[in-house]
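One chain, chain A, appears in both complexes that follow, with chain B as partner in the first and chain C in the second.
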Partner chain A sequence: MSGAFVKKEDKQFEKRKRKFPRTAFFIILMLFYPIFHFLLMWFGVNINSILLTFQYVKPGGAHLEWVPIDQLFINYINIFKDFSDPQVSSMYTASLVYFVLNCLITLPISLLFAYFIFKKIYAAGVFKVIFYLPSILPIVALTLVYTMAFGNKGFLTPLFGWFGVDTSTFFLGKTAKWMVWIFCFWTGIGYNVMMLTAGMARIPRDILESSKMDGVPPLKEFIYIIIPLTWPTITTLFIFGMMGVFGTYLQPMLLVQGQHGTNTIGLQIFNEANNVAKNHPATIGLFCTMIGTPIVLGVRALLNHFFKEVNF
Partner chain B sequence: MSVSAFVKQKIKNKRNQLRQADYERKNDLLYKRHRSEKVLYIAMFIIFLFFAITYIFPFIWVLYNGFKTRTNFANDYIGLPTSWTFKNFIDAFTYSKPETQGFNIFQMLGMSVLLSVCGTLVTVFVSCCAAYVVAKYEFPGRSLILGVVIFTMIIPIVGSLPSQIQLMKNLGLDGKIIGVIFLYSGGFGMNFMLLYSFFKNLSWTYVEAAKIDGASDFRIFRSIILPMAKGPIIAISIITLIGQWNDYMTPMIYLPDKPTIAVGLKLLSDAMQQEGNYVLLFASITLAILPIILMFCFFSKTIMENTSVGGLKG
Partner chain C sequence: MNKIKVIPFLLMAAATTLTACGNNNSNNRQEGFLKIVVYNGGYGYEWLDAISKEFMSQTGIRVSFDPDSAILQKIDQQLTGKTNYDIFMSHGINWQNYASRDLLANLDDLYDEVVDTKTGKKFVDRFNNGSAELSRYKNSNGEEHYYKVNWTQGAGGLIYNVDMFNEHGWSVPETYDQLLSLCEQITASGIKPFAWAGGGNSRDYYWDYLIYEWWAELDGKDNFNEWLTYKGPDGTYRNGYQNYDPNGRGENFKKAFGMWYDLIAKHPEYSNDKPWGANLIDAQTEFFNERAAMIPYGQWGKREIQNNFGDKFNFEVKFMRTPKAKAESDYYNFMVGFGDSIIIPENSPNKEIAKQFIKFLQTEWACKKFVELAQGPFLSFDYSDFDMSDLTSKDPYIASMYEIVSNSVNISDATNSPIVILNSSTDVSPWVNNKRYYTDAASKPNEYTTEKVMNSVYDSARSSWDKFCRNAGLQNS
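Now for the complex of A and B:
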């Protein structure tokens, strides 16, 4: 009897053993393409990007070649030298403005908006959907409508005209920057509001009810309950906002072609990406990654340090 | 279900939701407000209304101006059309210039459908395969894969575009539709994380039962897992589809001679603005955003709920 049982167990073991290669084959097949794609398009691309920073185009040359060993870091040195160029330093400054805009202006205002939507202001659901609308529309359509609204046949032109303001120069000179920033704020607020209301919706009802019964005013509720309990979402959006310093390029490109001091790091890399001298944009990119990564990770760690116990 | 019945059902559901929200606001303790709070809410409502108008009115303005004749628009660019015409919309479908690479809006829409549908199908399927295996199977390197995916999502990589262009050229994928689909087809990223968390929490009971019955891993994935994951797969597909439909950079760089609607709209606007034909441009903008608006109307809840899930935890 026991012998038969052992035999049966052995058979099952054998069966499992035979099945193992099938499962292994399944795992390999399922992961083959995603890993291949990742290795090629993330790992390969980024390794190549690093290699590009050690290549250059000789004066009068038409293709990239390795830099001489005695000038190994010439591309990096050139990046530092470029800082003396007012246009380049203005590019870095213009990019840093997006940190202020995204993290210190758009995010707090979005937080306030999200709070009122969460507290079911009249037509809250409708407002949430409308605010989110720019996030799903093609950026070209948004920039077109925005520029045309202020154009000489735009519907805002007579409105501003009543106050004696000429909108025809809005996308020129110093005001161009402001138009790009307003556009970024206008289109960026909806996404933040949606993420934050989703974060607020996870706050336990009991906490809000007890605070309400204790007569906590809205401002205190917002500062002492809503913000701490929505902190993980705020942290995520703050990091996204920080990444905007390097990633914003379509808005200034489509609105003002990166002119009038609106050129950003992202736009500079985009504009140079198709040139033969790919070493320059690649070096700018790597330089920014080296500077940006510790800052982003540091800020992330710092933000996570506040309100640690957000588990509900 | 017919289209009209579907629309009616959607409207009915929306109305019920609004009624419920209204009831909650009036009777729920959480949303009862004192007099001073009411003033604050009224002030905020006015601000919200102003913002909502800025989001809605420009597109309404574009829509009704598309129905004007050129003369009508030249005389009055704010008011409603004196006589409504569909001519601009018909012309927009056939308008093509060398600047638009000889493509008309219809062909651009076709390119957008081709790229976004193929790209979405491939990327969602690949993400699904990867997420399922990483979530449910124990194998060497599993934690490494997960760690690398999270790491790449946190690190702000700047300026990999020049290298990517070079690589695509070396692979012979530059200027080819298959190249853009290949670029879209990555399996790791936000879709992977969303599906991974879904599969992680998925009950393994059915799979065990199927294994006892002798079903293979492929059969289990195809016949049990995929149908069970239908909800999140559809939601992720919609979000990915919209993202790829709106993608400006990838088709512009890799398919400059075959513009999608996101890229072509810029080319059309440049050509039409040069001709001063604004009414045609308004009609073109309307046609370009119409598919997305319709999709958003039908799936707004799905889109918004699932977009927010990805960023909840920092």
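Now for the complex of A and C:
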């Protein structure tokens, strides 16, 4: 009897032993892609950029070489020296504006519009499409449409003409940066509205019905129910908005070629990427990553503390 | 059993992934089969087709070419990896950088080769305007060799409507003052003197060509070339920003811009409507439809405008010799695209036949074929020994271009200064940080006066110069 029991246990153990490699194999298979992706697409791609920050153009040379050990951080020191150039400080300021624009203007307004759509105001579906349309079109097409509308002899020129406004200088001088910001707002709001309405749609109906039965007015519903329950989406969009400080470059490039004080960190890196001295854009990029990563992570942690995460 | 089935599947999947990540340049280059890539721009590629065919028929060497407008984005990878091409022809090739990294074929033997047995002329003697000297650079060992061949030469300035001039009895102006008077006359006839574009994909930099010509004329060719070294008055690079001083070495640059300002910014009636917002097609339309008498352009202008409209001009066009700043001076011509390059990669398996092809380009037949089919531009060789009458009698535009290239003091902004090579040329040459003021000055002339613009350029140069020097490794030089 006991012998039979031992045999049975042995068999089960053998079976488990046989199963183990399959499980391990499965786990390895699942991990293969992310690890491979990380090694190739992150480490493999970025290692060159990191190494570039330790290279420079030797006096009299025309290509990059390793910096001498006693000047190991020369490129990083130069980044600080660059701040004395008003062009450079203007570039950092112009980039920081995208934090204000994306996080403090576009996002709150998107939240309001998303709520209106969620509340199914008149023609909500149409508004949803109108908001989202700019997000699905290529940016090159959008900038073209935008300049054709507001530029010289644009199709909105007569409309502005009635009010005595000359559109021909909209993309020049001080108004140029406003045109870029308005474009970013126009194209950014659709994506935010879409994400937020999707987040709001997940809120259980019974919570909303219960608040309605308790006579909660829409404003209170928005502040005390909708915002806390869509907070994870808001946090994500806020982080995306912050990253716009480093990543915005196509809009100023396509609209005004980065002129008139619209040059950004991203555009500067893009423009310098074709130069021989690639150490400079690589160092700007790494410098911004070193500054930006803790800020983004800190803000994320801070935002996560505002409301307790609710699962529904 | 199942494991056995899974293993080949995994191997296949891994192989697929790795193949996708590897070099997709799987075509093995054939020795003896020349492949050329040419920038697909204003010159077209019909000329290369004709020249390749003739070269093939004469030598039996097979040649194919690809026109490519994205060539500059690919060139680095091509030179450092496995190249698909034996010859690259384009503007904007940072050849000095590639030469210093030993990525280009040494062309010393080509330059030393006798190309005309009767006269004993060598390849190096087939160039003028200093283009052979500009093609030398140091390799990684510090040895100087020829690493490129200059590609084109031509003119920058104004294209004008010849029939319109004849019809109204307007004379082609020889001096700046005559140009001012002419503009008054043209405007009185209800026609705009100029059509230009400062908006969209801005071509306001076409005005640079006139300004450089006036600047070089006022400065003298030697001083202008000295300016292009980007060294300061004390001979150091670190003080190079002083070249922009509007009250010092930049005085004539300021004067030249001032001439433009007085002509264009002060006289909005001389230009098409709100040119600062107009795109290139708007400007071309004004000229093509005879609402404007002149258009600032480079040598490729006639071909490009006709191509854009899919039709030939209804009138005769010519390139105008840029009116002189001073009556007693010589005519100056800014050779747009004089720094454009022909290079052979060091990793090409066909270096010798590539050199043979370049040698063929300098023949009279090839030089003339280029002019004929590119419709105006010239290859960067000396044309003075050629009989061009068959082309110039057929096409007044080519005739005008030939006249300008042959009988002017030719200048260019091509330089081997490390400040330009190691920064972007648009950062310093000479509008600092690529900021031009044509549209600002034309739209707000009271705000952007010559004085203010030039002070602003100087301020930008002063504040950014340290960065330019650091990028070039010249902070202490």
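Throughout what follows, the second predicted complex is superposed on the first by the 271 of 312 C-alpha atoms of A that agree within 3 Å, B and C clash if a C-alpha of one lies under 4 Å from a C-alpha of the other, contacts with A are read in each partner's own complex, and residues count from 1 in each chain.
Keep this in mind: a contact is a pair of C-beta atoms (placed from the backbone, for glycine too) under 8 Å apart; a residue touches a chain by one contact, two chains touch by 3 or more.
It should be emphasised that the depicted structure is a prediction, and the values quoted were computed from it without experimental measurement.
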{"item": "Chain A as common anchor, with chain B and chain C clashing or fitting", "value": "clash"}
{"item": "First, second, both or neither for A:205, with chain B first and chain C second", "value": "first"}
{"item": "Which of chain B and chain C A:90 touches, first, second, both or neither", "value": "neither"}
{"item": "Partner chain(s) touched by A:173 [first = chain B, second = chain C, both, neither]", "value": "second"}
{"item": "Which of chain B and chain C A:71 touches, first, second, both or neither", "value": "neither"}
{"item": "Which superposed partner A:62 touches (first chain B, second chain C, both, neither)", "value": "second"}
{"item": "Contacts of A:153 with chain B and chain C, given as first, second, both or neither", "value": "both"}
{"item": "Greater residue coverage of chain A in the superposed arrangement, chain B or chain C", "value": "B"}
{"item": "Partner chain(s) touched by A:274 [first = chain B, second = chain C, both, neither]", "value": "both"}
{"item": "Offending stretch of chain C which, after superposing on A, collides with chain B (from 132-140, 186-194, 276-284 or 384-392)", "value": "276-284"}
{"item": "Set of chain A residues, in rising order, touched by both chain B and chain C", "value": "40, 153, 272, 274"}
{"item": "Chain A residues touching chain C - in the complex, by the definition given at the top", "value": "36, 40, 56-63, 78, 81-82, 84-88, 147, 151-153, 167-169, 171-173, 257, 259, 271-272, 274-277, 280"}
{"item": "Parts of chain C lying in touch with chain A, wherever the complex brings them together", "value": "17, 21, 72, 94, 96-97, 99-101, 137-138, 140, 199-200, 202, 274, 276-278, 282, 418, 421-424, 433-435, 439-440, 443-444, 460, 463-464, 466-467, 470-474, 476-477"}
{"item": "Chain A residues within the chain B interface of the complex", "value": "22-24, 26-27, 30-31, 33-35, 37-38, 40-42, 44-46, 48-49, 52, 113, 116, 119-141, 144-146, 148-149, 153-155, 158, 186, 189-191, 194-195, 197-199, 202, 205, 208-209, 212-213, 218, 231-237, 239-240, 242-243, 246-247, 250, 254, 265-266, 269-270, 272-274, 278, 281-282, 284-286, 288-289, 292-293, 296-297, 300, 303-304"}
{"item": "Touch list for chain B against partner chain A, complex", "value": "17-18, 21, 24-25, 29-32, 37, 40-41, 44-45, 48, 51-52, 54-59, 61-62, 73, 77-78, 126-127, 129-130, 132-134, 137, 139, 145, 148, 152, 154-167, 182-183, 185-188, 192, 216-218, 221, 242, 245-246, 248-249, 253, 261-263, 265-266, 269, 278, 281, 285, 288-289, 292-293, 296, 300, 303-305, 307-309, 311-314"}
